[in-house]
Amino acid sequence: AQTDVKFALDWKFEGPSAPYFVAIDKGYYKAEGLNVTVDSGPGSVAGIARVAAGTYPIGFFDINSLVKFRDQNPDKRVQAVLMMYDKPAFAIGTTAKTGIAKPKDLEGRVLGAPAADGAFAQWKAFVKENGIDESKVKIENVGFPVREPMLAEGKVDAITGFSFSMYYNLLQKGIKPDDIKIMLMADYGLVLYGNAIIVNPDYAKANPKIVAGFVRATIKGVLDTIKDPDTAIKSVMARNETADPKIELDRLKMSLRDNFVTPWVKANGFGGVDMARLAKSIDQIGLTYEFKNRPTAEDIFTSQYLPPAAERRL
Amino acid sequence: MSSTLEKLSPWLFTLGIFVLWELVCRIFKVDTFVLPAPSQIFQAVGQYWLPLAKNAFVTLWTTLAGFALAVAFGIVLGIIVGWSRTIYRGLYPVMIGFNSIPKVAVVPILIIWFGIGIVPAVLTAFLISFFPIVVNVATGLASMEPELEDVLRALGAKKLDIMLKVGIPRTQPYLFGSLKVAITLAFVGAVMSETIGANSGLGHLMVQAGSNFQMPLVFACLLGLAVEGIVMYAVFAYVEAYFTGWAFRSSMSAAA
Amino acid sequence: MASMTGSVDINHVTLTYRSAGGGVLALRDTSLNVPRGEFAAVVGPSGCGKSSLMKIVTGLVPPDSGDIVIFGDRVRGPVKIAGMAFQNPNLLPWRKVIDNVLLPLEIVEPHRRKFRRERQHYRDEAEALLKTVGLDGFSQRFPWELSGGMQQRVSLCRALIHQPALLMLDEPFAALDAFTREELWCVLRDLWQKLGFTVILVTHDLREAAFLADNIHVMSARPGHIVMTKTVDLPRPRDLDICFEPHFTAIVHELRAKIAEVRKP
Amino acid sequence: MSSTLEKLSPWLFTLGIFVLWELVCRIFKVDTFVLPAPSQIFQAVGQYWLPLAKNAFVTLWTTLAGFALAVAFGIVLGIIVGWSRTIYRGLYPVMIGFNSIPKVAVVPILIIWFGIGIVPAVLTAFLISFFPIVVNVATGLASMEPELEDVLRALGAKKLDIMLKVGIPRTQPYLFGSLKVAITLAFVGAVMSETIGANSGLGHLMVQAGSNFQMPLVFACLLGLAVEGIVMYAVFAYVEAYFTGWAFRSSMSAAA
Amino acid sequence: MASMTGSVDINHVTLTYRSAGGGVLALRDTSLNVPRGEFAAVVGPSGCGKSSLMKIVTGLVPPDSGDIVIFGDRVRGPVKIAGMAFQNPNLLPWRKVIDNVLLPLEIVEPHRRKFRRERQHYRDEAEALLKTVGLDGFSQRFPWELSGGMQQRVSLCRALIHQPALLMLDEPFAALDAFTREELWCVLRDLWQKLGFTVILVTHDLREAAFLADNIHVMSARPGHIVMTKTVDLPRPRDLDICFEPHFTAIVHELRAKIAEVRKP
């Protein structure tokens, strides 16, 4: 018999969500005895709460938000079980005409950052790692819908955000690809991880097989997607009637390049973490955020549901 | 005032607004990203009419379900609030407080309790829209002319009878007015809930289109909402004309 | 006046209207007795408290002091056995004439219970009643489509439709021309004689009072109280011709003189 | 009905709701991140009272500015809509359409045009809250009794005079009712705009707290909003009692 | 009747009220002439169209056909020179008595212009007027704090305050007792004699008509039109005692007979 599993995405059905749909379409979940339904989501903050509350047993959310969540709710032992984005998409975006080429150039400029932005949450760590004089950067709280337009109109000089979102939004604003400058924070001293598959603790405890099965099947989906993004994108397009296939494919490819397939993943296989790096990333979060119940790396990630490394090789 | 002009005026107004909008967009070269021109929006409508129609239907019916709840509950609560001064004085501030809170803050709770999908959307539509109904019903009951009230009291009528036979009919024009406000709020509530947690509905489509950088489609969704609102209004206007003809006798009445 | 069971009994009633502009003493120590089945009239100068008295009797307004007993029951709140025609027609503008007339039947038992079932029967009754006051053909109109006098007649029908044991009429004929008025006197007289209810009629028309009433109570200027009760000893059944008899005229003149006297405070 | 009970009832109701809320949270072990218990919220209020107060003040005054605009504009537009049948028929559907659209969709446009900060918040508060006022004013004018109207017409009064001397005073109870609805919407609008683009205000604080998972602080902000809403209501209730005593004469009136 | 300049002239006026329940023909081919400065009375059975006639004259309701000329100007919409007391008092409930009385001064020129400046002066005038109708001390109350008759008197004051050239009174004394009524007859008579305005008075009280009017116009039952015009040839100034003179009684009886005749269709 098939077990129903509701799976929560952090956002809408886009290129980077291809692996799950590939896993569904190719029957990988079914092979594990799972009948997976995927729901779109409202972003990591609200989404993690849904997994913690048990509305969803499994979800795909930002691990750095999970760290803060665990800090605020120490008795809710939500854990990550599969690392999806070895490198997060957190980035600083700017345009050529501002002349900003490196982090230090931000001094004396205006940075537009949505207060709830996952990338902006890492700003302090970014500042520290790059020796920026924070007092010289003026920060404006610009909401998501107006972030790129304000950059394009020169009302702010740089913005924080996810690399692929910013890139395409700026393209839409008529900025030439060559004029768009994206600095991935991970390339400038940040060791943070990105999004991971996280699970509800009670559910995982009661259904370890299901979680492990889900993880295994998802990894298969990821590997297939990495191998053949052009086919994989069709699984997304089948579920999103209004998306532009070309944009989504580009976005998927960019995400594969920047987030999924990093040198570390190539060397160590997909889905695991380097616990020392994770611990350091928690320290980096502490630069921006005041811990009350600082979680450890072990609190955040467990590899117990991961299949053997051989199954995770690219 | 020619009656042809009157008949045409909604169309003329709407047309005028679209033309103005198009002109503003062209003359000031407003970015598609900020505000797409109507021509672009209609193009998006043409291209995506099927998903638009499907999602619009979902939104319509969740909204109507929430709105129906709001009407029933609003009238009952209005009567209760109009009933007892203690309840009035106690409940009103609490309701005002509740309504000053953006419902976006409440939706996540509903989603966690009821899962994503239609239930939270219906509930949000309900929560956001019942208040204007309560206020107008309660005001209607509280401002009942004692002379009319006495007609029923002199018959030994119970309070509920007085409310139903005098209070509610008398306040009908305002009740319908509040329904017009409430239906628009119900749409807003349903869509808001859909943007936060749903796999269908115009709210869902809007966020999706937004994250796909399809601003014309986002505005096509908004247009769809506006059309649905207007259709509902037309339905009310019809029902209202039937029920409240007595109230719109003024020679200056614009409603009749 | 000794109270007897089976009468409308107003005992030493005082009423003050309190409002921002200061209190108004409307009734002071007013007593009045109307035996069951009697037709009583109340006359008095404008603003003396007649309407207030009517509202006190039906329990719409509670007195400051004193008490009212109707047919043995003390009045504590609005009473159920009365039919009242207010000084203003007070028709509900959202109801057609016929539905205004039917209103009491939707409220008062036992009609209320039977109302849905016997709707047609009640409608026929209401139509018949409207016809007696000269309003046939107007039942499907809204109140504001009627003239002032016609509205008042509808209001009268509404007070009568449920055949109340106590009928309270506050200047029910004030907006009518002399002939319509006299016609309705006769309608009321006949109904009263047939059904034997108790009537309290407020009027400014002394001839009306003398023609219809058994006893006429004269009120003083505000604060009102009964200063004289005149028994009309004309034989029943009375005919309109009686108005031209000298005894009738004498009664009217006596009342007139009394009111003239009490108007000067 | 004892008048002490009446006086205390708002406090008792509020207290009752908090106690109930606390109990629900404890008995059902509701998670803090779903719905913090009042005790936790008050703790957050104690801890963060300074930023709360500062931001609450910003929100209050942007809201009031937007609301003041809405009242002025709402009354004028209500009169215009009540004035001409052509305008009524033309404008009403458009307004309904506009109001069925979630204002979240409009805020970005305002922010791009006016920059982030107070202007878009004021405008959003205004845009979201004027509609109930228009509806009730227009309904009030349209349902004017011709009898009262005639009193002025018989003096040769102009239409505007009739509107001002009869229409508006007559509809006052409902005007105040609509203000109660409008003020809550104005708060919602201001906060919404602050969440999308502002460096201060309760909306800004809420988003910040939310992204750090400080749910008690988020709810403390909501509580602040509710309190501000209630304070404004108290102000209206006072003004209303002064202006509309004549309307609340009913013995059953809960408002007086 | 030949039309002359300087009169209120109603020429072959027809009026139908159209409504969902079907049209009502209220006035049919009604003509009437009231020379400037005359006191005219209109009597007729209830529902015959008297109030409608008043509304047509002041331009509140447009006739289907026919025209109305007031002092040389054709009536096309509400006229500005009239003061009107409606059959219902129609006081604005949100205004105190005094503010209700002052209302015309806020609207009608030249008072409107001067109103703010000379507020106190106007208030004093209004108070004085209220006193003549026996309402001193009630100016600061709200209309619903007054009895029916008192409201009607306020309404009368409102019609008089701006000293209109044409005074339209629709049963202004219907809710008053005989004495208050007669007092107000005299008030009105004196005002009229002093100021010389034109009056059209609708009434059901034939004695009232005979005492006050120069000409009494009798209307038929609906659809109304003037069936008789009776000139009251009693000398002026008239005193209340005139009501007991045989000639007065004869006029009243003649009118009565005529109405009795026209009531039967």
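Observations on the structure shown:
In this document, chain identifiers A, B, C, D and E correspond to the written order of the chains, with residue numbering beginning at 1 in each.
By our rule, contacts are C-beta pairs under 8 Å (C-beta built on N, C-alpha and C of every residue); 3 or more make two chains touch, one makes a residue touch a chain.
Remember, predicted model here, so these are calculated numbers, not experimental data.
With contact taken as defined at the outset, chain B and chain E are each touched by C, D. Number of steps on the shortest path from chain A to chain C, with steps defined by chain touch: 2. Chain pairs A-D and B-C differ in how many C-beta pairs are in contact, and the one with more is A-D.
Between the CA-based centres of chain B and chain D the separation comes to 16 Å, rounded to the whole angstrom.
Taking the mean of the C-alpha atoms as each chain's centre, chain D and chain E sit 48 Å apart. One simple way to say how far apart two chains are is to compare their mean CA positions; for chain C and chain E this gives 28 Å.
The set of chain A residues touching two or more other chains comprises 49, 53, 145, 149.
In chain C, the residues touching two or more other chains are 88, 142, 144. Across the assembly, chain D contributes 34, 108, 112, 146-147, 195, 244, 247, 249 as residues in contact with two or more other chains.
Residue ranges of chain D in contact with chain E, taken from their complex: 147-148, 150-157, 161, 165-166, 169-170, 172, 244, 246-247, 249.
The touching residues of chain E, counted against chain C in their complex, run 17, 19, 21, 24, 43-47, 49-51, 87-88, 134, 140-142, 145-150, 153, 171, 174-181, 204, 206, 256, 259-260, 263.
Only residues 55, 58, 60, 78-84, 86, 88, 90, 92-95, 103-104, 106-108, 142, 144, 158, 162, 168 of chain E touch chain D when the two sit together in their complex. Taken in their complex, chain B has these residues touching chain D: 1, 5-7, 9-10, 12-14, 17, 34-35, 81-94, 96-105, 108-109, 112-113, 131-132, 135-136, 138-139, 141-146, 149, 159, 162-163, 173-174, 176-178, 180-181, 183-185, 187-188, 191-192, 195, 203, 206, 218-219, 222, 225-230, 232-234, 244, 247-256.
Of all residues in chain A, only 11-14, 39-42, 46, 49-50, 53, 55, 145, 148-149, 152, 165, 168-169, 171-174, 240-244, 247-248 touch chain B in the complex they form.
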